[in-house]
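Below are the structure tokens for one structure; questions will follow.
Just so it is clear, A, B, C and D label the chains in written order, and each chain counts residues from 1 on its own.
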Amino acid sequence: MRIGVLTGGGDCPGLNAVIRAVVRKGIDAHGWDVIGYRSGWQGPMTGESKPLGLDSVEDILTRGGTILGSSRTNPYKADGGVEQIRATLAKDGVDALIAIGGEDTLGVAKRLTDDGIGVVGVPKTIDNDLGATDYTFGFDTAVHIATEAIDRLHTTAESHHRALVVEVMGRHAGWIALHSGLAGGASVILVPERQFSVPQVVEWVERRFEREYAPIIVVAEGALPEGGAEMLQSGEKDAFGHVRLGGIGTWLAEEIAQRTGKESRAVVLGHTQRGGTPTAYDRVLATRFGLNAVDAVADKDFGTMVALRGTDIVRVKLSEATAELKTVPAERYAEAEVFFG
Amino acid sequence: MRIGVLTGGGDCPGLNAVIRAVVRKGIDAHGWDVIGYRSGWQGPMTGESKPLGLDSVEDILTRGGTILGSSRTNPYKADGGVEQIRATLAKDGVDALIAIGGEDTLGVAKRLTDDGIGVVGVPKTIDNDLGATDYTFGFDTAVHIATEAIDRLHTTAESHHRALVVEVMGRHAGWIALHSGLAGGASVILVPERQFSVPQVVEWVERRFEREYAPIIVVAEGALPEGGAEMLQSGEKDAFGHVRLGGIGTWLAEEIAQRTGKESRAVVLGHTQRGGTPTAYDRVLATRFGLNAVDAVADKDFGTMVALRGTDIVRVKLSEATAELKTVPAERYAEAEVFFG
Amino acid sequence: MRIGVLTGGGDCPGLNAVIRAVVRKGIDAHGWDVIGYRSGWQGPMTGESKPLGLDSVEDILTRGGTILGSSRTNPYKADGGVEQIRATLAKDGVDALIAIGGEDTLGVAKRLTDDGIGVVGVPKTIDNDLGATDYTFGFDTAVHIATEAIDRLHTTAESHHRALVVEVMGRHAGWIALHSGLAGGASVILVPERQFSVPQVVEWVERRFEREYAPIIVVAEGALPEGGAEMLQSGEKDAFGHVRLGGIGTWLAEEIAQRTGKESRAVVLGHTQRGGTPTAYDRVLATRFGLNAVDAVADKDFGTMVALRGTDIVRVKLSEATAELKTVPAERYAEAEVFFG
Amino acid sequence: MRIGVLTGGGDCPGLNAVIRAVVRKGIDAHGWDVIGYRSGWQGPMTGESKPLGLDSVEDILTRGGTILGSSRTNPYKADGGVEQIRATLAKDGVDALIAIGGEDTLGVAKRLTDDGIGVVGVPKTIDNDLGATDYTFGFDTAVHIATEAIDRLHTTAESHHRALVVEVMGRHAGWIALHSGLAGGASVILVPERQFSVPQVVEWVERRFEREYAPIIVVAEGALPEGGAEMLQSGEKDAFGHVRLGGIGTWLAEEIAQRTGKESRAVVLGHTQRGGTPTAYDRVLATRFGLNAVDAVADKDFGTMVALRGTDIVRVKLSEATAELKTVPAERYAEAEVFFG
């Protein structure tokens, strides 16, 4: 038996740990051949691949990124994409695929299974916004990095009686903001799930200053002020003719400065959150996902995705898996509000 | 209303995060007074306490240890211990207690509730061996530290074609060994749940050397060779008259060296695993435990303990909570065996 | 004998380590009293101070910031500022001062010594731009943090064939950019000491892409493109009426994107570089500075500053110490150019 | 022109950074070929080598260990070793060698130069005990790791009123103990340069307990109690027939426990100190060493070694370089004594 593996979508610590687990278990436990397709769905379309032997996955467990490369190519949006995949798999003698990726990658996996190609999915979203699984790998690493940054910023905030706004990832779901804000002892946490009131934020900030501590405000990149959606859409050009889109972190720091008269600064963590070596938590989760995806292939349980439920790895239908975005529920946000101000 | 909080048993990163959450929620959400009893159950026996205001928990979220101190004092093993506690609580006007600790501390909490004193428990075991909860805080930090050490040791193992044995915590349960071994890419993982065969370990070690990589063997402190329980009990004295008890890590490194003829070294991680700043994961879990313990007190739901189930914090009866040691099940160990050798 | 200590200017990891060393050595080795003046030179002007006993410096060695607070107050710019200081020292019975700070703080220290008040200086500049000393504490920590961020960004750059621009501190001197760029394996390092040619940067970036690796460009916040000084000064307002000043990192990322057609992103590390626990290197250096400053006071060697030369702590005249900005010399920049492209 | 590079002796973070710098500068700046000899001096004896192109050094800057492997082989202790080297270099067309290693490796480098083979040395000693250079790479990483461990142990020491002994590397020189002890806020630092009095150590420990803080004792592996040299030499066998040599850390913890009646534990950091990714400081130093070694080869300045003096990289004669062990001088130890007790 021969299986193929591929990674699609954005960068996420733990991808290589999944690949390694697939290769180790596929070869050592089942005696399969494993080949890696390059650049997401583009690989099985163009035939670009490389054999993955035991040696090829030595030393990748701790590395960020993906040794297979990634892309956002969608075979259903390309003429004859699915037929190309079918031809590649036939030529390579590949019996089944393991596809590691987010909503788009898994959506393709589902349709391919419906079209008769056996695929098992491994969920990947650094934002942790997939309903079918308790957690996804990469999330713990992102929270860890954001928390380390917040820890460092407390010092500067307090030495200079300054408000510091930290913008973290999270366009549609505020999980990274919620967890890093709780872990970092933030004075305010703002998430996309709930538009915030600037006067309320200012009140929390001022209450914090009154207690003689300097506030840290953690804001998800997708959070918006009340009525703010339109405001933030208007980009304009700077002196060099570049279009500037106001990031919410910088915008909020300026608002706070103007309304409180206190110094206020923004730090935008950006891509530092999604690169580098995964945390131990993410390595274990990614490894278990890879091992269990191989089990699903062995069981010919295609059209499924591995998922974490409590401490167990289970399988869920791909059709259910991608149905719904998992956002921060009101009661989890309410938990955090105890620490505001 | 006034509540007391105390910490018992061994050191564990996240204790202060629980205390902070109890204080913040008790004062800010409920308007209660909170006092901290010192040194576990000794505090309510002797009356040693300090008021915990909002200021007293600033700046403790990131700190290891416990600002309340700890002990292994058991009021049921001291004459009149329970009456002393009753008297202290009456004198201090304390209506309920939150007790943070392991099996012993929670066992006392259960009996005190039976004896009419309202206690809510927060579970603490760095070894993660409590059946009633998916995870306990401190465990992720211990795994993180052990994994960082293993990452570093790979280098040395490979540069010198040397076997390295890493002894981690875990007297009765091998969770830290299992998770850090998986995360660190160990060649062999040995746990207390299953006596190991030295010839089998040697075979894995030699297979690893044949692949031209150097083996890392992760061993829980409580793991034993087949028939080894008696062997390890015989301590003898060294040149200074000190009794020497052979740690399993050192013992195993010597066995491997003798049987393979390869250089072999042991590293015993020891107390570095249980001190210092908690990981983001543990800070979030500890904080949520603290918040939910306050809810339980508000609900007068005494004799319960907070626990993690999936992503939810739930309450379980203390009587059930401490009934059973959670050990590594055979199927979780089998997952890891794929990577042996 | 009684001495005072104060910290002035911006935040810098290691300030507390200096204070601790001053207190421990002042009390334990000399039997002096030590008092801490708050908020830089403002403290001795207003009399705001606190006694610094051994207990007050327990547990501060690892903390960022300063337990004394800081300010940019200059007694020579305030009416009667020097007389206020003289009066405070007389009232407090303080015989000499240790002033920890940058160019401004040390400039005041020098003038006060000329005016008959005994001051010893401890140099502090996170940018490492003080000519009289090989290194200053805080610099190694900043380089460490920037390097960790660059390490993480490599992953993302390579997984997505993307150029990443990292903006680090350094308004007038490029030391942090030079060291973190070397340590992080940057493809281009840009410093304030030399205006850069955008076409040259683009050439390096494209050469790097041709080698199939993604480029990381490290740029000091004070670096400028040729002829760029004027361009960057023109701020304009965004949709919210906030003035936007184009940071060089963001500007450069956009230029690279436009000229190469490749995706390009900027990460601005900002205040994360100057907060949090100091590295071991900085703790040792800061501690030795503090100890040696006490020696200088004991020798009544006022008007001097402690400095690192090789592995020795020496004293230099404050008049010489602040004479000259230490910038990156051409030969050090040439060393790094080997790695460009 | 073609040059060879090799690494000898024990593991040390930064070796790969030197190799990378040699390759990048050799190829890009000079247009040379570079080949890597494997396993120290064994490589040029047996002819085992690999070409080092630009690709071969991508991605190695951050890795511990050495991509060339290492050994302790000495051509002057093997029959015809030097002639073998001469033959290999002739066959490979290699004009000069860069040898990265400690006292032994550099001693061979010196003799080979005397025998007409052009060698430039790069000093490597994690213990920092080489007189000719201010610092060597690897040392800062070792101090960093030891300091992180000490930071974590403070928590446990204080929560449990326990003395903790931390054994760090340093057989003949106490630099790692001195720097990590200063950086970690140790209560006692013990080095090989000065035999220690157990009663004095106990006095410091007890004074520390009286101040209500728990003592951390940092001890170099080569430190000895007064009159202790003989005592520690007598090994005996344990129940398994293994010879046990009492490590000084464990021995001292037991002594302290017996003499103070307080709990006392030892942690032996061991090989974790010499593996893994180098600190930014060590990467910069190693990189500069590599670059400057290439300059020395270009200048045909053989028989020299690169060294750090202040912030400059200089060249020193190999004959002088290895003449003397750099131990901790009395005045540096006296600096630290201020913090004892």
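One rule holds for everything that comes next: a residue touches a chain if its C-beta (ideal position, glycine included) is under 8 Å from a C-beta of that chain, and two chains touch if they have at least 3 such contacts.
Chain-to-protein mapping (UniProt): A, B, C, D = Pyrophosphate--fructose 6-phosphate 1-phosphotransferase.
Please read all numbers here as calculations on a predicted model, not as lab measurements.
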Spell out the chains that contact subunit A while also contacting subunit B. none
For subunit A and subunit D, the contact-path distance works out to 2
What chain is the most remote from subunit A, judged by the mean position of CA atoms in each chain? D
For subunit C paired with subunit D, centre-to-centre distance based on mean C-alpha positions, whole Å: 30
Rounded to the nearest Å, the gap between Cα centres of subunit B and subunit D is 34
Please work out the Cα centroid separation of subunit B and subunit C, and write it as a whole number of Å. 40
In subunit C, what residues contact two or more other chains? 151
Every chain pair meeting the touch definition is listed as A-B, A-C, B-D, C-D
Once bound in the complex, which stretches of subunit A touch subunit C? 10-11, 13, 63-66, 69-70, 145, 149, 151-160, 164, 231-232, 234, 236, 238-240, 242, 244, 246, 251, 254-255, 265-272, 274-276
Contacts from subunit D onto subunit C in the complex sit at residues 21, 24-25, 28-29, 54-55, 58, 61-62, 134-135, 140, 143-144, 146-147, 151, 179-180, 182-185, 211, 213, 277, 279-281, 283-284, 287-288, 291, 309-311, 335, 338-339
